[in-house]
Amino acid sequence: MLDVLDQVRAGALSPDEAARRIGELPYAEVAHAVGASVIDHHRELRTGVPEIVYGAGKTADQVAAALRELARAQGAGIATRVDAAKAAEVRERIPEAEIHELARVVRLGVPAGRPRAAPVAVVCAGTSDLPVAEEAALVAEFLGAPVVRISDVGVAGVHRLLARLDEIRGAAVVIAVAGMEAALPSVLGGLIDRPLIGVPTSVGYGVSVDGLVALGAMLTSCAPGITVVNIDNGVGAAVAAVKVARLAVAA
Amino acid sequence: MLDVLDQVRAGALSPDEAARRIGELPYAEVAHAVGASVIDHHRELRTGVPEIVYGAGKTADQVAAALRELARAQGAGIATRVDAAKAAEVRERIPEAEIHELARVVRLGVPAGRPRAAPVAVVCAGTSDLPVAEEAALVAEFLGAPVVRISDVGVAGVHRLLARLDEIRGAAVVIAVAGMEAALPSVLGGLIDRPLIGVPTSVGYGVSVDGLVALGAMLTSCAPGITVVNIDNGVGAAVAAVKVARLAVAA
Amino acid sequence: MLDVLDQVRAGALSPDEAARRIGELPYAEVAHAVGASVIDHHRELRTGVPEIVYGAGKTADQVAAALRELARAQGAGIATRVDAAKAAEVRERIPEAEIHELARVVRLGVPAGRPRAAPVAVVCAGTSDLPVAEEAALVAEFLGAPVVRISDVGVAGVHRLLARLDEIRGAAVVIAVAGMEAALPSVLGGLIDRPLIGVPTSVGYGVSVDGLVALGAMLTSCAPGITVVNIDNGVGAAVAAVKVARLAVAA
Amino acid sequence: MLDVLDQVRAGALSPDEAARRIGELPYAEVAHAVGASVIDHHRELRTGVPEIVYGAGKTADQVAAALRELARAQGAGIATRVDAAKAAEVRERIPEAEIHELARVVRLGVPAGRPRAAPVAVVCAGTSDLPVAEEAALVAEFLGAPVVRISDVGVAGVHRLLARLDEIRGAAVVIAVAGMEAALPSVLGGLIDRPLIGVPTSVGYGVSVDGLVALGAMLTSCAPGITVVNIDNGVGAAVAAVKVARLAVAA
Amino acid sequence: MLDVLDQVRAGALSPDEAARRIGELPYAEVAHAVGASVIDHHRELRTGVPEIVYGAGKTADQVAAALRELARAQGAGIATRVDAAKAAEVRERIPEAEIHELARVVRLGVPAGRPRAAPVAVVCAGTSDLPVAEEAALVAEFLGAPVVRISDVGVAGVHRLLARLDEIRGAAVVIAVAGMEAALPSVLGGLIDRPLIGVPTSVGYGVSVDGLVALGAMLTSCAPGITVVNIDNGVGAAVAAVKVARLAVAA
Amino acid sequence: MLDVLDQVRAGALSPDEAARRIGELPYAEVAHAVGASVIDHHRELRTGVPEIVYGAGKTADQVAAALRELARAQGAGIATRVDAAKAAEVRERIPEAEIHELARVVRLGVPAGRPRAAPVAVVCAGTSDLPVAEEAALVAEFLGAPVVRISDVGVAGVHRLLARLDEIRGAAVVIAVAGMEAALPSVLGGLIDRPLIGVPTSVGYGVSVDGLVALGAMLTSCAPGITVVNIDNGVGAAVAAVKVARLAVAA
Amino acid sequence: MLDVLDQVRAGALSPDEAARRIGELPYAEVAHAVGASVIDHHRELRTGVPEIVYGAGKTADQVAAALRELARAQGAGIATRVDAAKAAEVRERIPEAEIHELARVVRLGVPAGRPRAAPVAVVCAGTSDLPVAEEAALVAEFLGAPVVRISDVGVAGVHRLLARLDEIRGAAVVIAVAGMEAALPSVLGGLIDRPLIGVPTSVGYGVSVDGLVALGAMLTSCAPGITVVNIDNGVGAAVAAVKVARLAVAA
Amino acid sequence: MLDVLDQVRAGALSPDEAARRIGELPYAEVAHAVGASVIDHHRELRTGVPEIVYGAGKTADQVAAALRELARAQGAGIATRVDAAKAAEVRERIPEAEIHELARVVRLGVPAGRPRAAPVAVVCAGTSDLPVAEEAALVAEFLGAPVVRISDVGVAGVHRLLARLDEIRGAAVVIAVAGMEAALPSVLGGLIDRPLIGVPTSVGYGVSVDGLVALGAMLTSCAPGITVVNIDNGVGAAVAAVKVARLAVAA
């Protein structure tokens, strides 16, 4: 903004024009007509994290166009919640797109120049929780963090978890993914000193349908300091974890 | 019923009278006018468990009268959900009543002649859950089962629980009492081969208020075979556990 | 663990190696790469109950591989929540698999060497509840308990239930399966002295959709000592019942 | 309305005035300034049932004034949800008022000239449900129906209910009052051919708090033809039952 | 039962056999193997209403077999919740079955010998509520009551309702069917002196989905004496209304 | 009504006939047999807004017939919630119908003679909310109001919103459409002095499914004076906004 | 902002200082240390409505200080949700404060210079809803709108409402206040062409507790164009109505 | 553990004793009999954070004893959820205790030797949210982090927030505290690149009671990477934030 004001003082810019620019910059959005979506190329400047394409409710055309635009301007793009059929359609349009079927993720290009980040551990309670865990892992890697994957350590066999503690402690921040009663973060939170982000999943049936019990259990954990994201929100957990992991190397 | 029918055949009883008696026996209730409550002296015959006075919503007079009637007919009586003020009033009326303030339990007399029962373990996650756990323990003892009390073994420090496993395994059946995210039964259920009954408690705040999250977590536990009772229902868990514990010695 | 420590004292094992082994044994998981699932062959040692394959959300390939691995190592395996189409696919892969269509259960092999167990009664309110009841019955039989099946005894015609009481009382433990208002366990619980496990079902419409009313009704039953599992959770009820039924013969 | 129109034709009334009167009659309300409440003396003409004073949220002054106005114009009045303290204050103002403490009902005067009605049975599951049941019984009697009271016939001892069936069948319509899991209407509905109105009560704790489970259980009853009123709404059940009971004698 | 006892006295029946019969009669179920359903031919004796086939969750084969069995033994049968495809399949099996597509009802045969009943009015708020209203009307007619149908009188144009009041008042009992905010019973309940049964429907979207708002609105109506059935439960309302309508002619 | 009464005075109308007419006019409905729906041609007289066809749950035939009837009598008609397949079928029947696929709206004819209205702004948070926003915009235009469309101004990039404030302030009334956490109305409400109507959408997943969080957030906004309609109810918001916008020019 | 920029060009202001001012003006808050609250004197400039003191959760000291500060700077202030005890304490501090006990409102000073506004009608269903209705009326008057109060026109006696329609139509905008099933706005919405704002109240018991049914009923009303505010939110409805009423005279 | 094993090899420890120790160390709890609570002095070793006394549901005696024990062993202790009356009682027992009335926090002693931490910003939407925000700030300071407090920046006046962005960006991690619709984190999350932890508060009324809407809004925020704790859980947010802030200086 000071630049704009300096130009006003220098007479290079009229006050009217300056007012307009201040209203727009540095937050102005550059709208590319890619289907119905608008790519926010400035989001990374403001928040440290580029736009991630949310594939649910978009057509394959829209997902492909958004990925191409992101790759064109930023070198790489990533889309989540792209099911197998839609992913196949995307690949027809962009043969070089990389598809992760279990995680429902499509990536185009290799991101470069991300800030350095310490390792992130993604710890997963059961095999049914793997799609959400893998979504978190892939997004964290896309954002530049090395990821340690620990799977199948649900608390119904708690010693499996105890046996992996050293690996988990090697990370700067931990994402714990669990459905059903979601006891994993409570047990883990009493054993490690790392920031711990819980991702409840919609895995289950009966009273657990939709993951509300898993969410409630994580929020009421007796282990203090666990923070939580929305049900099945692997992307959100990854973004939060990478912001922490960058601090751990930037200090 | 065969007795009644034999009397009909013998002409000692008219068919009309027999029809009336068959309608009533052996389930007929003997109503004693103790305040507004009716003591069901035959319940123990049918279900193996005598009536337990539910003190909430009853006056001290009603609780005292019910305990006296039970003690008169069966040798002993027990009342739950009797808060400190009401308990003091009961003791004014019945000085020999035994009051357990934390558990909000009042007992009168020593029950005799109960069926033998194997030991019941009452395992409690946190100190706030103790009133419910102690209610369960006192009722189980009243029904004739020896009780092993294990407290303060919440999963946020899971090795506390691991250190007590041998004691827990010494019981025939285990009651696990926990509030908040209630992860205790899940961890315990993966470590023992005993029947395990979960009691969610209303301990907590925010989304856990009223114990609904604890209840949901126990019902959706990834450790199969856990059964659950209503929130804060120590009595129900004790009755269920003692029925099991009697089988364990009766075989 | 004492074996390991004896080897350390004898010098046959280094302290480092012993620490590693103690961390892993006797709870170490043997991971077989059967699709995405991991077979926990030690679960039966810890909890008395082998792993039961939860078929929902698994492909026919994964179900078949899991059943084969269980049959290979333990002689028999059982999978639940396998719908008709998936079951047919499983049978293409394993012709000798036994399919129970109504109960959505697939079994491979005949389990041997299970602990003895007293009879389990599975009592079912309505014909719509039969799939869940049959799931419970088949799992209980797989775990080694004889099963008494009592169907169509809903309380809207209560004398149907009264006529079957002797059969029900012949079992050591009773599973009561009911949807809608789920009054069956309340009536039954006032008539028998056996441990009673309620399974609410998702049968119904309007306010009863998803079985939450049935679950709530069972949890608030005026008959004390009823314990409850998750909605439609026939497997959980069977596991709990068999643990009790084993105690009834083991004493 | 024809009267008004006849006057218009006769020129005794201007069209303007007639329009005003037609807008008001025969439904015009006569407002008496009794505190903040308005007594609707025409309601009985329209609906067959006079206004019943809802005492919750009214002062003793307002309740007393409303009762006096009703007694003045109609010979008698009745108020519900008047707790013990407020009832005592009402009696200070109206010594001849009759107080029913358990039912929280206050009545002034003896209603006369009500339409005849067949007997109404009020069947009550437990002693905690008695206040709601007695409210229903007193209102039904106030509206002119004889009442048969059947108490303490909860389904946890189902033969108590079977023993009273003949009494219940003697009524034209049955009100069933129950809290907790509220199984009473389901069992009763399978045994009688009378219209059956369920009143869920807020009796209970844990998941049953506020009576939502009891309400849901009654609405989803497997016995067809049960109708239901709001939780603890003894007045509504009585009004509905008396409307039916009047038909049973008026035919 | 007196018959049985008389035979015992006469020596024509042994006490053992008599005990068995008393346990079974008059409530014994005659089980016909019609698919998985059991036809309760005695229900009409006990409750005045024959079994009505609930078609949801049954195959066309099961529906057809149940209708045939009912028609064989009782002269006529009716099934509800039979969608268009299933109804066509039923007609392939029973060409003489009568299909009501909008109401999703299938009827076989003409019932005879039903008790007389006064007219029942079925009042419907909107055209989307018509399937439920018509289900209620057809079942009421099947049970022997004449039906007055009043449609499209939702309160958003309240004078439509006022114009039909005389027709409605001509019935002995009124069924009001409404979805969304379901204000119809409240307005109607203030205008008539007839028993009024509300049927909330699942019509709506957003917060009204599943009819919970409509149900709540009917239960909390400011017009006293309205009783309510489960969402979309036209059958239940019809059964309740016919029981009332029979009283209105039987007195 | 005065007309009718004048005729009575003049003897041109009997009082009986007048009473009938007064009961019917001016609110009498003219029922055209267009499928199952009834076109209320007088609604616009009473409420200023013509009937808008709600296409969900109607067949293409019914939608087409309703549109034709409205166009015949009033010059134009509009239908909402018509998905792409149904819209195509409607166009087969009415080739001149105009289809708005994203908004799921079908319009027939150009409305004429609507009251004048000031501009309405439709402000939309995200691209997924566009269908609801466009439904609101099209209905507002159909009712005669000019519409200003502002899209993609969600609060996660708040300066996008600040840059468009002047345009928004140019309207007389503002509709704000948002899903997920629906913060847009709160921010906007603190910046403008116009009436502001919030439309929560069902966009989201996890705890936001069905739009309940968006609805709750709008209702509890810290910016006073925001009013809200049902989830996804673009029609309702448009009707409310146009009523306001007409006042703004009519004064 | 142009003023600030002009000063920059003129050299009267450094760019740094200008940037600071632009960040603050015209939205900068003037913080007065009145207890813990901050008076936002600029809110009226932005939104047309001054700050209204929300008295719940504030001490009498804080309420009094806020009112004094508002009266000092703007000539008058108003506080809501001030119960009788707190209001008495406020009057001890400010004897000239005007207390409206039923509405729980305290006002200090007479506002002047408000924009002109057309009349607002506040229509109230029952006497229990009066506190919320009166809060709305007093706030609307404080904001400068004439108010028409219509009380006791609940739909259980719908002709009371019809008789008052002319008065209601005389207002530019209507606020409808109702609890329980809240049918008033639906009936009213079909009869008038004015903007209509519904205020659900928490009046009721059983399923209506907390006003959620009333809220749901208003949101799902079959009368299109009704907008709704939070439960018991008389202030919000008044602010929204006055914004509309100002447009009706400003055009 | 290696120490223990070395002693076994050296013969200084028997295998039995070693097994016991390994089961207990390093997680063994040292139980001090302070009322009913158990002080876990090893928690800080495992998780980096000492035990924080949760004052709700504890007596003043218990709170005081716990604080004294913590101060004795660790130099300082802190208790939360201690209301004014209880805090006064604690000070009677420990005159040197420091009481923060608004935040309901009591602290004893000055913690020393905490790990270094980067600054934490605590941003608060409204004055009613201050108690929760201050609890978070005090706990963060107790754990060794410098705290930047930013209050009264709710989004209804969004430029207040914009004016404070530089201060907020100066912290390593941000805690955002908000009730009602809780839009603050969404707006803030789009403007900064710091880890952002949301604390929903129970401030509000109507549909926002208990903070569920605020919680839902934070979880569904359109700004990715926000993590959330339980309603009113200032302690949890502080613990999570400090863990992050330590990483930011430890790298």
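Points worth noting:
To keep things simple, chains are lettered A, B, C, D, E, F, G and H as they appear, and every chain counts its residues starting from 1.
Please note the rule applied: a contact is a pair of C-beta atoms (placed from the backbone, for glycine too) under 8 Å apart; a residue touches a chain by one contact, two chains touch by 3 or more.
Treat the numbers as computed from the prediction; the structure is a model and nothing was measured.
The chains in contact with chain C as well as with chain E are B, D. By the residue-number overlap criterion, the interface of chain F with chain G counts as same, with over half of its numbers used by both chains. The chain pair with more C-beta contacts between its two chains, of F-H and B-H, is F-H.
Once the centre of each chain is set as its mean CA position, chain E and chain F turn out to be 38 Å apart.
Each chain gets a centre from the mean of its Cα atoms; for chain C and chain H, those two points are 42 Å apart.
Computed from the mean C-alpha positions, the centre of chain C lies at a distance of 54 Å from the centre of chain F. Centre-to-centre, using mean CA coordinates, chain A is 49 Å away from chain B. For chain H, residues touching at least two other chains, in rising order: 43, 46, 157-158, 162, 189-191, 206-208, 212, 215, 219-220, 223, 230. Every pair of chains that touch is listed here: A-B, A-C, A-F, A-G, A-H, B-C, B-D, B-E, B-H, C-D, C-E, C-H, D-E, D-F, D-G, E-F, E-G, F-G, F-H, G-H.
Put simply, chain C touches chain A in their complex at residues 23-24, 27-29, 31, 36-38, 40, 42-43, 46, 56-57, 202, 210-212, 215, 230-233.
Residues 43, 46-49, 52, 118, 172-173, 189-197, 215, 219-220, 223-230, 235-237, 239-240, 243-244, 247-251 of chain H are the ones that touch chain A when the two sit in their complex.
Remark: chain G residues 127-128, 130, 152, 157-160, 162-163, 203, 205-209 touch chain D in the complex.
Listed in rising order, the residues of chain H touching chain C in the complex are 1-2, 5-6, 8-9, 11, 15-16, 18-19, 22.
Within the complex formed with chain A, the chain B residues making contact are 125-126, 154-158, 162, 180-183, 186-187, 189-191, 204, 206-208, 212-214, 216-223.
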